[in-house]
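Both complexes shown next keep subunit A, but they swap its partner, so subunit B is in the first and subunit C is in the second.
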Partner chain A sequence: MIMEKIAELFIILILVSVVLNVSSPFLKFAIKLYSFQSLMLAFYIFMGAIHFNSINLYGSFAITVIFKVILIPYFLFKTLKRVKMDKEIDMYIGIPEAVVFAGSLTLLSNLIAQKIIKIGLTFGSFVFTIALATFLIGAMLMITRKTLFSQIIGFLTIDNAIFLAGNSITHGMPLLVELGVLFDLFVSILILSILILNLRRNVAS
Partner chain B sequence: MYELILILPAVALIISIFADVLWMSYLQLVISVLIFSTVITIAMTFSNITVFLGSFFFIDYINLVILITVSTLEMFVAFYSFGYVRTEIASGISKRKFKFYYFWKNLFVLSMMISIVSNNLGIYWTGLEATTLATALLVSFNRTKESFEATWKYVIMCSVGIAIGLFAIVVLYFTTSQVYGESLQSLSFVSIMRASSELDKNFLMLAFILALVGFGTKVGFAPMHNWLPDAHSQGPSPVSALLSGVLLNTALLGILRFYQINWAAGIYYPRYFLIGFGFLTIMVSALSIIKQTDYKRLFAFSSMENMGIIALGFGIGGIAIIGSLLQIFFHALNKGLLFLSSGNVLAVTHERKIEKIKNLSNNFPITSLVLLFGVMGISGMPPFAMFLGEIYIMTGVFRSNILLGFLVFILLIFIFIGLFGKVLKMYTGNMDNAERMNELQSEKVTHRGINDNKRKKTEGSVHPFMIYVPLILLLVSSLLLFYVPPQFLNIVKSASYEFQGRIIF
Partner chain C sequence: MNYNAEHLALGCIQFFIIVLLAPFFAGFIHKLKQRARGQKGINILQFYINFNKLLKKEVVLSKDATLISSLAPYIVFVSYLLILLMLPAFYRYSLLGVSSDVILIAYSLALATFFMTLYAMDQGSAFGGLGASREWFLTVLSEPSLIFIFISLAIYTKQGRITDIFYFIQNGAENAFLSGAHSSSVSIAIPFLLFISLFIVSISENARIPIDNPETHLELTMFHEANILEASGKHLGIYEYGSYLKLTIFLTIMSLILFPYMAVNIYQVPLALTTYFIKMIILCGLIAGVEIVNPKMRVFRAPNVLSVSFILSLIAMILSIRGF
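And now, the complex of A and B:
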């Protein structure tokens, strides 16, 4: 019982970090938030690992920490330093409106999740609701912000949401598949960083 | 034997890291011919579904059709690349750049092969995402601003789309894990098909819709298509041919797998989604083809239209499925020849706009004929093989709903007019008076220099392989209308049985 409460705390922190991300225009802070969010996801997986005592989930915890908490934010920081941007200026809608939208998306995903879920899940339908909300808010981040960097953050948020959903309705994907997915994600971040650098160089010249 | 499909591209990939470009181009020919002959040997001796490499990979009739398509087009592209590399290096592009060309191309082919023959849906996903990443730096090969922007759009849109596809796989995994428990087996396609009647139907339906939207982004279905024309037109021509002819089919295979699972579980209404998306795709591409001004974008939209027709055929079912499977193979050949021969024009003139290119019949006698007949073929005219696929699909559509048939027919006529009118303009068309005056004046000034320029702007300056590979593709595609090998027809027929849920393990 106490385990479930702690796991739910981690899940709530994920949602909080996503909403904070919507409300702040600072890019460095956004990367830090992403790292924090991934750490919470990893802790959630860790709680599951203790609860079910499965080696698969321990492995999943380890690779999540390595790729999502350390490697990807490290490369994003490196790219940000070379691009020399610090703040998001171009947005289609302002920050207050975006936060209101994020709240209503959370409500909407609660409604959707209650329609879909009938069968008992790992930690209840609560996790699935948060996963859907994170997914929708990540998509909103991608749509409303114009800077290329914010689009990467939005994409990473969507990816985290799918991992969360995968860990909520099942006990995590098989380790081999998860490793492949994370490696692909890591390489795509590298390629997107290369593209950002090249695009900046072309605009400057 | 079966393992060779994966080992050969991997060997090519490893060698391409170390080898010199010109050496690599010879080696690539050998390896591509070997891959082709391996696949043909498998196709000749194939009798039932085979699992290999620890049940992670398998071959059945459906992915055998796509495997034949990939290996055939890849062999022709390897021959074309042999000439392309030499021509581009002669015109002053550094050798170093082309080293990466072979590296990324082999990685692309390897990851495509992995995702085609994968039995495990998770591995299929990994391979498909890897194709996006491998082609990203090929699309931005020219290093212009437009190509970087096209690549950005391509990587971001496809990554998000495929992430939604991952969500579909997660939902499917949840459904199957109630039968098999949480293990790799619940992602294995063969096991899922065996247990299909025990699965939860609501979740299967949800998984299909997510997969359709997710992988559909990579196929280029209508509302999610706007990365496709940019990415396909910016890459080097051999890569465009592979992207358009083969990669779209690989992504379609994912949707077809989910469709098959749903069909086997007794859920029949996903077909209306396929029909709807297919029709919408044909309509959007027909309207966009009419106002195109760039000939590579024109062909990119045409391949979008053909994916729409193929999806429509799979949705209609019955005889149209045979048409769709034939269309997958014939479209790859035909689109390959269009991109390759238009690549010759691009390599010589460095001009992408349709109105800037005129009088091809004089300067490019063979290439322009191939281009003209290729456009006839791609719009389904009789002396070329795509007629066969299209007539089966259209027969199926007319049988099921006559109104839909008429609508599709009208759209196909639109597409034919759009394509043919534009290419005909490039084929004939005289220079404007003003341009001719300009040329005459400048000829008076520097007699010698303009002559050199003129000699450069014809077909003679490209490598002979670049001229004759599209021609051979055209001949093959014309020959296939009159003689389809009986073994291939057998494979296609058996594949269409698989769609009705009748799989013999």
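And now, the complex of A and C:
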């Protein structure tokens, strides 16, 4: 009973960190928030692992911590240091507008989740609402920001949201699938960071 | 419900204790900040001494001042006292507990701000208008989140009065965590969101550091101080005491959201009072910590922070409507 409530708290913290991410233009803070968000996701998976006592979920917890909490933020920090950016200045809409827009996306995802539950698919509606909201806000982050770095953060947020939704629907995906997805993500981050560096070197002022 | 002599007596004691403790909490925050900067720090009772000194001095009003200027300090002070009469800080049956509607509390706060800004503009100084416009700039941004916080508390507990709201939360928590009964009416996530949201709002409403600096009289940083720049003597004393009361109101609501523990009879009062005091000291430390760590923010970055608080209270309201 109490475990369920604490799991809810972890999920809420994911949404809070995404909203904070929208509200702050600082890139270092954004990476730290991403790391925190992944840690909360990992804790949520860990709660599920204790509850269902499944080895797959324990493995999923371990690889989430290794890849998402440690390795990807480490590479992002390294790239950030090389390109010497600290603040996102190019945005299509201002920060307060974006934050209020994020709130309306949360409302929208709540409505959609309730419709889907009425159809009769059975999974955790709370988790699904938050996952959908995180997904939409991550997509908004990718659209409204202009530099590649913030778009990467938005992409990673979307990935976290899909992970969360996946874990809410199933009792953990097979370990091999998850490992493959994470490895893809990791490689794409590596490629993107190299891309940023090359762009900086060849094109940027 | 029927009030008997015990309820009245304990309600009065609760009211006087909170009112008398208010300058102590403000002084404690100030002292903590000064100690953290390596200064020796003021006497922890300094604000009582200041108040006493200011009460003895005469009031100087501008020749353009109207009746509003002589009434406004008292209206501000009384509206804060009214809220303190309603809050169940450590005893469940506060004196005005029957009429402690959450909307009334939000609007009493707004009434106080309204009369303070009227006072600022009434005396015809240039700083007054500046301070009033800045004060409303922040209040307009933090008002919706305050209303949403109160409404989501009301929806979450399905009660209208603030005493009933926190008693409901306390009961739910006791049932869920102490006796281990199956209770789906308790949530950790909603109070947590409300706490963060209320913390941001209270920093902005009480003119604390990331938004405003309560200590300086520098014209660039004055939000709250510019309003009461013209006040002198007794009026200034009352305004300053009013600001301590406002801080205490916000801290008390936060402490109740964080960990509601209210006495229902006379035997639980000492324990509840001690718990209340410890909670308040912890929250004072939290606010002092935020003030030490953060530099003062640009004025136009305040909407960023306050919009986050608004959205967090909105999310809390969505969650409490759908019944988690």
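As a working rule, the second predicted complex is superposed on the first by the 197 of 205 C-alpha atoms of A that agree within 3 Å, B and C clash if a C-alpha of one lies under 4 Å from a C-alpha of the other, contacts with A are read in each partner's own complex, and residues count from 1 in each chain.
Note that in this section a residue touches a chain if its C-beta (ideal position, glycine included) is under 8 Å from a C-beta of that chain, and two chains touch if they have at least 3 such contacts.
Note that the coordinates shown come from a computational prediction; the quantities given were computed from them, not determined experimentally.
Trainee: Once subunit A from each complex is brought into register, does subunit C clash with subunit B or fit beside it?
Mentor: Verdict on subunit A: subunit B and subunit C fit.
Trainee: Contacts for A:Ile93 in the overlay, against subunit B (first) and subunit C (second): which applies, first, second, both or neither?
Mentor: A:Ile93 contacts neither subunit B nor subunit C.
Trainee: Is A:Val19 contacted by the first partner subunit B, the second partner subunit C, both or neither?
Mentor: second
Trainee: Which one hits more subunit A residues, subunit B or subunit C?
Mentor: For subunit A, the partner with the higher number of touched residues is B.
Trainee: Is A:Ile70 touching anything from subunit B or subunit C once the two structures are fitted on A? First, second, both or neither.
Mentor: So A:Ile70 meets neither subunit B nor subunit C here.
Trainee: Could you tell me if A:Lys5 is touching subunit B, subunit C, both of them or neither one (first, second, both, neither)?
Mentor: In the superposed model, A:Lys5 contacts subunit C only, not subunit B.
Trainee: Given the touch rule stated above, what does A:Leu108 touch, subunit B (first), subunit C (second), both, or neither?
Mentor: Touch partners of A:Leu108: none, neither subunit B nor subunit C.
Trainee: After the superposition on A, what does A:Ile143 contact: first (subunit B), second (subunit C), both or neither?
Mentor: Neither partner.
Trainee: Please indicate which partner A:Asp159 is in contact with in the superposed arrangement: first for subunit B, second for subunit C, both, or neither.
Mentor: first
Trainee: Give, as a whole number of angstrom, the minimum Cα separation of subunit B and subunit C in the superposed three-chain arrangement.
Mentor: Scanning every C-alpha pair, the shortest subunit B to subunit C distance is 22 Å.
Trainee: Would you mind listing the overlap between the subunit B footprint and the subunit C footprint on subunit A?
Mentor: none
Trainee: Given the complex with subunit A, which residues does subunit B contribute to the contact?
Mentor: Interface residues on subunit B, with respect to subunit A: 120, 122-123, 125-126, 129-130, 132-133, 136-137, 140, 143-145, 148-149, 151-152, 155-156, 159-160, 163, 166-167, 170-171, 173-174, 177, 182-184, 187, 200, 206.
Trainee: Quick one: which bits of subunit C touch subunit A in the complex? Just the residue numbers, please.
Mentor: 176-177, 180, 182-183, 186-189, 192-193, 196, 303-305, 307-308, 310-312, 314-315, 318-319, 322, 324
Trainee: Can you tell me which positions in subunit A touch subunit C when the two form their complex?
Mentor: Answer in residue numbers: 1-2, 5-6, 8-9, 11-12, 15-16, 19-20, 23-24, 95-96, 99-100, 102-103, 106-107, 110, 114, 125-126, 129.
Trainee: Okay, in this complex, where on subunit A does subunit B touch?
Mentor: Those in contact with subunit B are residues 56, 116, 119, 135, 139, 142, 148, 151, 155, 158-159, 162, 165-166, 169-174, 176-177, 180-181, 183-184, 187-188, 191-192, 194-195, 198-199, 202-203.
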